[in-house]
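For reference, chains read A, B and C in written order, and residue numbers begin at 1 within each chain.
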Amino acid sequence: MEQIIQQFFNVEIMIKALPLVIKGLGITLLICAVVIPMGAIGGLFAAIGSLSPNRAVRWLSIGFVDLFRAIPPLVLLIFIYAGLPFAGLSLSPFVAVTIGFFLNNSAYFAEIFRAGLLSVPRGQTEAARSTGLSQAQTLTYVTLPQATRNVLPDLLSNVVEVVKLTSLASVVSLGEMLHAAGLVRSLTYNASPLILAAGIYLLLLWPLVRVIARFERRIAS
Amino acid sequence: MTTPAPGTATLEVRALHKSFGALKVLEGIDLSVQRSEMVFVLGPSGSGKSTMLRCCNRLEEPDSGDILIEGDPLTGPGVDLNKMRQRVGMVFQSFNLYPHLSAMGNVTLALRRVQKKSKAEAEDLAIAALAEVGLSDRAGHHPAQLSGGQQQRVAIARALALKPTVMLFDEPTSALDPELVGDVLDVMRTVKDHGMTMLVVSHEMKFARDAADRVIFMADGAIVEQGPPEQIFGAPTHDRTRAFLSRFHG
Amino acid sequence: MEQFLDTFLNPVVLAKYTPAILQGTMVTVILSVLIVLCGIGLGAGLACIRAYRVRLISFVIVIFADVLRALPPLVVILLMFFGLPNVGILLSASVVLFIVLTLVLAAFAEEIVWAGITATPKGQWEAARSTGLTFTQTLFHVVLPQAMRMVIPPLTNRAIAITKMTALGMVIGVPDILGQATTAQSFSANASPLTLAAIAYVVLFLPFVIASRWLESRFASPGA
């Protein structure tokens, strides 16, 4: 017991790690602030494309989504960060992370928006078009608001996934929270910094997980 | 199972009380149904007739009172509820067929898992029950492949196959399209003709008049009046009954 | 173009490292199958236990599911891999990866199956209980088969997302596809092994992604 506390819950080491971990948290949140809106917008376009009457657009969009749902984000990230330099294209860790997560994340957002758009009854579009709204107006004012509402829990749970995903950036030495905690761990040979980081992730994400669970229950009933 | 003493009612309800929170739904129901009798329960919505029926196999837990099947208690300590429920068949308004099982699977499930019958024996009984409701050719169909009326007849077969002592019908035709009601009522009449004891909550007035042995009128959680159908429909003594029936005669 | 092929699809490098990547593919496949079977089995089991609504037990299950859904798997992997040896528990990298991803999938599967159980109409319980089936018999013969059918699409999606995370094993030295590819890439000073890895993942997972799309359209309620 003593040993477990010493190795996992060592307050002294946690305090030492805190400044670096907090700095890492800042980078984690920065990645989120960039990747979530980008992914959502990219996903929305891919979703609209996947429902397009134009066959080429439709298949291109579905192909994009399926491809990036099949490739693990870490593979994508390492390919961009460690593979592209061989072709003379060196990217900073932050840019590599942004591109990799954008591609991965758009695919997931696309699937959610697609399900949302499909959940809106066809009559809604017909009613909107019959009053003279253009296709874009119908999407903006009628279909999309309803679609977003219908899949709100899924959108939120994807946001949780993105925050968790940022931990992968540690692999390419971008100093986000897990990287910072891992660094202190390797210097002290003590797992407490990782527990500290885990605690902060929980603090950040547990409320969201609860909110999503509540949402889902309301929709189910 | 022992043969009940002569004079013992097939289903007996004594001083049944039930509340949902502050709302009193049943305020002392006394009722006995004799062997092979078909008793029809009428009443406005909210009169407690469905709750009364659901207490008779304890899908609703009574607050107080006794329920006896051929003299054997359904309530009280030491009652093997699942064993007793074998003796009380139930048919629901919304059929409640298991969508993942065929008609045959729906009927055999309790035969096999509760009555521990062999597969072959259970299937023989199921085929007999499905034949009684006129659906022996639909044994392999899943609920989604059957019409509403056929689904309800499978549900009747599911209850019938367990050879219950008494069957409860909770608005069995209310969820059906009008043209499908007749088939279900025909099956109910066949079941009655074969000697089944039946307690039916329903709004099928004409069927009640033609087929019921006794009609009970309920209001505000109590039995207001009861008697043979000619009397209840022809010469109701109570104002509430008259008011209720006049709405159906238009 | 030639330089591009030389860098990303170099035939010499590919020939040399394909066997290693194939070996890695076997590791990924075996780990994935084990994680899916154990994770969904454990998650469904927990959801069933929760159906009995014993307050304390349900509470523990909810906490388990919440924590593992809120923590990044990589954090848990590092914690177990680097932390446990300090208290005398030595597990191989593959075992750590298997345990963590199984628990994460179990957490998600528990929530998904539980949602399916609660979404099964009350009338199904009543019909089964009225024929004398016990609670447990009703759960296993009537409710669970319907619940599982309902949740196949979200469960498939989640299983794909989490088995893809076997790539995280590379960080602690699991010789899976990505692990083999990064080793090969540093030896060969060429990006082709990474390309091969990406192709291997696409070949492995794309059929499931497409299947999940098909499942979703098939299981979508016609009324929606």
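Basically, a residue touches a chain if its C-beta (ideal position, glycine included) is under 8 Å from a C-beta of that chain, and two chains touch if they have at least 3 such contacts.
Because the structure is a prediction, the values reported are computed rather than measured.
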I need the common contact partners of subunit B and subunit C, sorted by label. none
Farthest-lying chain, centroid of Cα atoms versus that of subunit C: B
Quick check on this structure: which chain has its C-alpha centroid closest to the centroid of all protein C-alpha atoms? C
Distance from the mean Cα position of subunit C to that of subunit B, given in whole angstrom: 47
Mind checking the centre-to-centre distance between subunit A and subunit B? Centres are C-alpha means, answer in whole Å. 54
Using mean CA coordinates as chain centres, what's the subunit A-subunit C distance in Å? 18
Which of the residues in subunit C end up touching subunit B in this complex? 121, 123-124, 126-134, 137, 141-142, 145-146, 149
Interface residues, subunit B side, partner subunit C - complex: 57, 59, 82-83, 85-86, 88-90, 92, 94, 96-100, 109-110, 113-115, 155, 158-159, 162
Subunit C residues touching subunit A - in the complex, by the definition given at the top: 3-4, 7-8, 66-67, 69-76, 78-79, 82-83, 86-88, 111, 115, 118-119, 157, 160-161, 164-168, 170-171, 177-178, 182, 185, 189-191, 194-195, 197-198, 201-202, 204-206, 208-210, 213, 216, 220, 224
Which stretch or stretches of subunit A touch subunit C in the complex? 3-4, 7-8, 62, 66-67, 69-76, 78-79, 82-84, 86-87, 111, 115, 118-119, 160-161, 163-168, 170-171, 178, 182, 185, 189-191, 194-195, 197-198, 201-202, 205-206, 208-210, 213, 216-217, 220
